[in-house]
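Look for subunit A in each of the two complexes below; its partner is subunit B in the first and subunit C in the second.
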Partner chain A sequence: MRSFLKLWFKSAKLQIARRMAYRGEYFISLIAMFILELIGPLLIFIIYFNSEGFPGWTFYEVLLVQGILLTVKGFSFFSFAGIIWNSNVTLMRGEFDIVLLKPRNTLLMFICESFDAEDIAKFIGGLLITTYALSHINGITLVGIGLMIALMILGVGFYFIIALLASSFVFRFIRTFRIYEVMDIFELVGRYPKSIYPKAFGTLFTTLIPIFIIAVFPANALLGRLSIDMVFASVSIILLIFISLKIWFATIRRYASAGG
Partner chain B sequence: MTIIKVEQLKKEYTAYERGEGFLEAVKSLFKRRKKVFRALKGIDFSVKKGDIVGFLGPNGAGKSTALKILSGILYPDSGNVNIMGFTPWKDRKKYVSHIGAVFGQKSQLFWDLPPLDAFYFQKAIYKINEDAFQEQLKKFIKMLHIEDIIKRPTRQLSLGERMRCEFVMAMLHQPKIIFLDEPTIGLDIIAKGTIRNFIREINKEQRVTVIITSHDLEDIENLCNKVIIINKGDIVFDDKIKKLKISRKKYITISFYEKINLKKLKKLKGVRIKKIISDYIVRLEVNTYKEYLDEIIKRIRMGKRIKDLDIREPPIVDVIKRIYKK
Partner chain C sequence: MKLNILKTYWKESLAYRAEYLISVFVVPMRFFILVFIWSAVYGANQADVIQGYTLSNLITYFMISTFVFIAIFNDVEKTLEKEIKKGDFLIYLLKPVNFPVLEFMKKIARRFFAILIEILPIMIIFILFFKEYLVMGKIGFFLISVGIAFVSSYVIYLLIGMMAFWLINIRSLAWILDFAIQFASGLFFPLNLLPPTIEKILSFLPFKYLIFVPVNMYLGKYSTGFESGFTNTVYFQLLIQLLWCFILILFACFVWKKAIRRFSGVGA
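Showing the complex of A and B:
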């Protein structure tokens, strides 16, 4: 794992250097992404103050959910979700051959080569919003922060599952760029507290598709609102990671490369 | 010593066909015609350590598929491959650290960064120690004359310059076998020469076994000691390149002082006119299977005096064309 992390950091530095080869475009992209990602929290701000808000949630608590979501999403996107895009591009051209030629775990190597320098802006934006929201919330405990971070890591696991399944889908069907829109839907659902959903959906998003783990549950854990749902979602994430890894590795066996 | 042993290697692809036009495109959304394409029909061959083996075949013959299976990229449907004790697709991670590959149409370099950055990334991937890395790099820079180009962004390099850097990428970790798929494709004659010299040198100095596919028969003639010809998924020739060249056929260009009697020439047994260059000069293909060459020439002369005579082996391209047609 240490060796992989070393390689990942090396690759990250190279990918950033690659993007910086076109400095103007890189900075504009960073700023544009930062502004675009702020639209979500801004929307929540408008909804919160122009409606009855979210029952049982203060504004800063709701903002905390947005911050966590952006942090989890940003981290996932820059660190590994690039495999979806990369699957599309490399599979069409048969360039996955090069990944398979490296004496490393195929998935880890593919993740290394799929680092997305632009999405760092999302992550930084998320951290800033989270920190700002935290500074306005009272009664935070160390245990609460620990639980929040643990659930955020599982939230990253949720995106990992989606990335693996989407990449497998691309391996199977070649060229499925639209898969990103599915991820946007997850984000849209995970943005709001469980209380606003009908019970059946609430259960679905806690167990089979545990979307609440990407933001709502970590925020709840920090605020001391622990529930058995968090355990269900955590177990589900671990199981789903295991299943999606199996699917991904089984799918790459079908890799057929491209003609010469 | 045998370094590669391949037995009954088979691989099939399923492709989907559809007819022409919009309606067919819509139809294919719901129902597709499946076509199974047998890329490899159960091939057997072996390669000795230090060999330079040319893998030849027309487009779609199965040579790239074979190469990809041998380099651990593809899984075969059945068959056995033993390369230095490894089965490529089963022991991929360990196995690929002992091989190198240059695929002419797929780059290992980073388009926007200098090749030197890619070399250092390769060092990290293969966990090459600093001293060995510097020693190898220095050697390859000298051999491939790339000192001035490795610090320039890859996108600014010519195809020949890029290809030389691809070879460094493939050789930095000192592989025992190197797979080359069309390594000289699109290169000019000078760049081809540099690459060929490099292949020859690494083969001689480091005893690297080289497996090369190329449509450029000069690559094969200049480099290989063994040739495997594959056609429609089967091996149709597997022997030393000398045997491929040794043919009972000879090409003779003959020049006379007098006009040639083409009617009589056409009637001669075992003699075929390839090209009439002028009234006095003609290129012939003769078969020395049943008759000695001097006797054939005597018949061709028909008592006339010869001004000039040139006897050659048929070009390898003709030999291979004949094998493809079988």
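Showing the complex of A and C:
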């Protein structure tokens, strides 16, 4: 694991150095990445500007959910979720064989090569929004912060599951760049309090597809609104990680390059 | 010849139909979530109307704005940037049809295909699942307005693409502008929900005529009679929309001439 982390950091450094060669364009793309993510907070602003908003949630509490989501998403996207894009590109160019030839675990190698230097902006933007929202919320405890961070780590686990499954899908159907739109749907669900959904959907998004773990549950934990749902979602995440890993490696085993 | 161009690009679209079909899953799902969100907002506030929109009006707004977006969507700026960056733009200068006309034909073919494979299946899903939210609107003026919006949208994105003649790499800038245009056109939410100052500023720009105005025509927010003054009529909105379209075309022609003079491909 240590050698993987070393390799990942080297790869990250290389990718950033490559982008810094055209630093003007890189900085604009960082700004663009952040601006594109503002739609969530913007919609929340519109809702609270025109109404009382969601029952039981203040504007800053829902803004906190947006900040946490962007932080978790940003971290996932720059560190490993690039495998989705890379699956599309390497398969189209027939370059995936090179990854298979490398003397390391294929998935870890693929993750190292998929570092995305632009998505750092999402992570930083998420931290900024979270900090801003927190500065308007009272009664925060250290235990709450600890629980929030623990659930955010599991939220990263959710993105890991999605990245593996989406990558497997791309391996099967080739050239499906619009798979990101399906991911956006999951994200859209995770942006709003569980209470707005019908009970059946709430249960579905807590257990089988535990989307609420990416932002709603961490925010709830910080605000001291603990529930048994968080335990169900955490267990589900751990199980789904194992299942998605199995699926990904099974897909890779069936991969036949242009040469067969 | 232009008909043959249309046929060729129609066939090309057929080859990548799976990409289009993703919309059939994504768009209705997005709607389910939007219905939950706004039902919660209207329910919690015990409000029948927010800024002139009932819940049904608002859901219909989101539905029709998505259809308009699919119908007028284009990415000509990406194509133009790619051709300029690779130096392949030179080939277009040798062709008997110029780039803007050729790409416009391509867009018409692709959008007709998108209407067939994206909008029609989504409409069936909406009729099945969201019937109670659907408001039947005024189709005639709406379709004319969407037609003008299609041309305006093409010209706006062509203008963005033309920046590549000067800046070469415009990918990130185009992302930001695309987001700003979608926001200012009312794709994300009706512009009346914005704070009045921002709404006022946006009303002086051409972008609201891409989505907000056509959708409000569908919803019957503009009158067909002159009782409440000419400026509140559907005719006035269409006139301003046409005027903006004309101004944009003139501006694009002017910039295109300058851009062509500036372009120098390898060996040119």
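Everything that follows uses one rule, which is that the second predicted complex is superposed on the first by the 258 of 260 C-alpha atoms of A that agree within 3 Å, B and C clash if a C-alpha of one lies under 4 Å from a C-alpha of the other, contacts with A are read in each partner's own complex, and residues count from 1 in each chain.
Here, a residue touches a chain if its C-beta (ideal position, glycine included) is under 8 Å from a C-beta of that chain, and two chains touch if they have at least 3 such contacts.
As the structure is a computational prediction, the values presented were derived from the model and not from experiment.
**Student:** Superposed on subunit A, are subunit B and subunit C clashing or fitting side by side?
**Tutor:** fit
**Student:** Is A:L188 touching anything from subunit B or subunit C once the two structures are fitted on A? First, second, both or neither.
**Tutor:** second
**Student:** Using the touch definition from the top, say if A:L100 reaches subunit B (first), subunit C (second), both or neither.
**Tutor:** Only subunit B is touched by A:L100; subunit C is not.
**Student:** Between subunit B (first) and subunit C (second), which does A:L5 come into contact with in this model arrangement: first, second, both, or neither?
**Tutor:** neither
**Student:** When the two structures are overlaid on chain A, which partner does A:L226 contact: first (subunit B), second (subunit C), both, or neither?
**Tutor:** It touches nothing on subunit B or subunit C.
**Student:** Pick one for A:L239: touches subunit B only (first), subunit C only (second), both, or neither.
**Tutor:** neither
**Student:** Please indicate which partner A:A250 is in contact with in the superposed arrangement: first for subunit B, second for subunit C, both, or neither.
**Tutor:** Neither: A:A250 stays clear of subunit B and subunit C.
**Student:** How many degrees apart are subunit B and subunit C as seen from subunit A, counting from C-alpha centres and rounding to the nearest 10?
**Tutor:** 90
**Student:** Tell me which partner touches more residues of subunit A in the superposed arrangement, subunit B or subunit C.
**Tutor:** C
**Student:** For A:R18, select first, second, both or neither according to whether it touches subunit B, subunit C, the two together, or no partner.
**Tutor:** The answer is first: A:R18 touches subunit B but not subunit C.
**Student:** Mind working out whether A:M92 is in touch with subunit B, subunit C, both or neither, as first, second, both or neither?
**Tutor:** Neither partner.
**Student:** After superposition on the shared chain, which partner residues are touched by A:L42: those of subunit B (first), subunit C (second), both, or neither?
**Tutor:** Touch status of A:L42: second partner only.
**Student:** For the combined overlay, can you note the least CA distance between subunit B and subunit C, rounded to whole Å?
**Tutor:** Here the least C-alpha separation of subunit B and subunit C stands at 6 Å.
**Student:** On subunit A, which stretch or stretches are contacted by subunit B in one complex as well as by subunit C in the other?
**Tutor:** 22
**Student:** Subunit C touches which residues of subunit A in the complex?
**Tutor:** Going through subunit A, the ones touching subunit C are 22, 25, 28-29, 31-32, 35-36, 39, 42-43, 46-47, 49-55, 173, 175-179, 181-182, 184-185, 188-189, 192, 195-198, 201.
**Student:** Which bits of subunit B are touching subunit A when the two form their complex?
**Tutor:** 13, 60, 64, 68, 71-75, 92-94, 96-97, 99, 101, 103, 105-108, 110-113, 117, 120-121, 124-127, 153, 181-182, 213
**Student:** What does subunit C use to touch subunit A in their complex?
**Tutor:** The touching residues are 16, 18-19, 22-23, 25-26, 29-30, 33, 36-37, 39-42, 44-45, 47, 50-51, 169, 171-173, 175-176, 179, 183, 188-189, 193-195.
**Student:** Give the list of subunit A residues in touch with subunit B in this complex.
**Tutor:** Residues 3, 6-7, 10-11, 14, 17-18, 21-22, 93-95, 97-98, 100-106, 109, 253, 255-257, 259-260 of subunit A touch subunit B in their complex.
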